[in-house]
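Below are two complexes that have chain A in common, paired first with chain B and then with chain C.
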Partner chain A sequence: MDVRIINPFLEAAQNVINTMAMIETKVGKPYIKKDSSSLGDVSGIIGITGDASGSFSITFTESCIKAIVSNMLGMKVTELNDDVKDAVGELTNMICGDARRRLEEQGIKLVGAIPTIIAGKGHSITHMAKGPILAVPFETPNGPFVIELALDSGNN
Partner chain B sequence: MAIDYNMKILIVDDFATMRRIVKNILTQLGFKNFLEADDGSVAWEILQKEPVDFIVSDWNMPKMTGIELLKKVRADDKLKDIPFLMVTAEAQKDNIIEAVKAKVSNYIVKPFTPEVLSEKIKKIFGE
Partner chain C sequence: MDVRIINPFLEAAQNVINTMAMIETKVGKPYIKKDSSSLGDVSGIIGITGDASGSFSITFTESCIKAIVSNMLGMKVTELNDDVKDAVGELTNMICGDARRRLEEQGIKLVGAIPTIIAGKGHSITHMAKGPILAVPFETPNGPFVIELALDSGNN
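== the complex of A and B ==
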């Protein structure tokens, strides 16, 4: 995976969550994820094509996403309902869009598809690339979330 | 020109969350009259039936996209002068050029703060 692609996604995740939910996030140590089990309660996944192809996902723990969506909507969210799932879709979209904008400045062009949402404890995430899955954990005051990138290079 | 806070605003986005966020911000700014559509095609149907003073539309929607809606609106004699604000995560240069060519009134890139939305609206309505 092209390392130049990774940082824009990390910056985009922080920017989107900070701007839309006014929540500060701290990046943890990236690692290679070996299986498809998710590290949280709700995920958004989006297919990517263009100069690299594969997928990007973001997985939130329940406490983390409830705090984010409560701030986004200006009302207290107490359960992982359809509003939360809808918001996860929109966040996935926004982060991917923000990252693609940053990448375009470096001459890397990616196209994002429409996100899919998966919820439930222990759900699995199937990435659309053959290569390794890079996972990057983030901390927020209300619990962690993880982003995952699995991208093969070239227009394949 | 003073902004008419009673104007009817059509909010178009396939994500209910985003419609709610936009509506919340517009309400905070003092606007009161809203119509909502979850796709460009639904927005187009509303525009045939109801007078609308301002369209705030997402770009990326499954059936009819925001840019398709904008082009249809600008090509329609009755609707062509409605101010149109594109809300988009699609801020690549090509997209912006396409929207400007299609005579978008202004555009706003997601994620955005209430202040940015307020500024764009003031610019559109010449305040």
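== the complex of A and C ==
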């Protein structure tokens, strides 16, 4: 699997968060994740099948996701309640869907499952796919988030 | 989606944990999960596509998974390290695979993605599938674990 496969997810994350929450994000340097250390407070995870099999995740710090969901809902969000979890599920779905459309234009067909949302202060995520785990950190005015993609080598 | 679809997962969980760790599990009463409250310390999550789309998870308390992995590895495990996370990934894969084989005999074809492992004291999991979230609690001599299955209504 070409590591450039992360780019459509990166563009999709920027596009979706900008569109849904009107928040500009600054992309950090993509890296290959060696351990399960990127800790966060809320994550959306989605299983991927199709031309490759694996998982995509997006992990937010509490301050970051509160600002994003406050903008999405047009009201100040003060705790990680069900509204926030629903919004993280929605964002995860939209980012994965947007990335899949971009990849399909390149002839790569991935199928997304239904997302799962994890809430828990400082949890870690470990992807089990055999390929490298690609991570991209983002900065927002209210704190960071990170996207991660792990795929088994497929046909592409 | 027929709620009896949980049964193959229930049988698979018992079979895999008994086979891999020689630990007898006692099945509790299955229920429909209304919130994201089943808290645990380590979870394996796997996305599902095919005749239905959704997610399967298995969430262990720390004492429970330490006992299981100690038996699997033949050495006492004292912390939630990478060995434990790998073992949870392996168990999640095996349970899902075993359940899928059982379902295929009933004419239901599901495809499993690659599992993701979550570690974090008392994290919660929220499944976003539109169908009911089916949960089954299990008891082991070293503490409980719970399996959860959420699928969008498919063809079956």
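Just so it is clear, the second predicted complex is superposed on the first by the 148 of 156 C-alpha atoms of A that agree within 3 Å, B and C clash if a C-alpha of one lies under 4 Å from a C-alpha of the other, contacts with A are read in each partner's own complex, and residues count from 1 in each chain.
One rule holds in what follows: a residue touches a chain if its C-beta (ideal position, glycine included) is under 8 Å from a C-beta of that chain, and two chains touch if they have at least 3 such contacts.
None of the values given here were measured: they were computed from a predicted structure.
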Which of chain B and chain C A:Gly74 touches, first, second, both or neither: first
Which of chain B and chain C A:Thr19 touches, first, second, both or neither: first
More chain A residues in contact - chain B or chain C: C
Chain B versus chain C as contact partner of A:Arg102, first or second or both or neither: neither
Chain B versus chain C as contact partner of A:Ala87, first or second or both or neither: first
Footprint overlap on chain A, comparing chain B with chain C: 86, 89, 93, 114
Residue numbers on chain B that touch chain A, as the complex places them: 15-18, 20-21, 24, 60, 62, 88-93, 109-113
Parts of chain A lying in touch with chain B, wherever the complex brings them together: 15-16, 19-20, 69, 72-74, 83, 86-87, 89-90, 93-94, 96-98, 100-101, 104, 109, 114
Residue numbers on chain C that touch chain A, as the complex places them: 35-36, 43, 45-49, 53-55, 57, 82, 85-86, 89, 93, 111-129, 150, 152
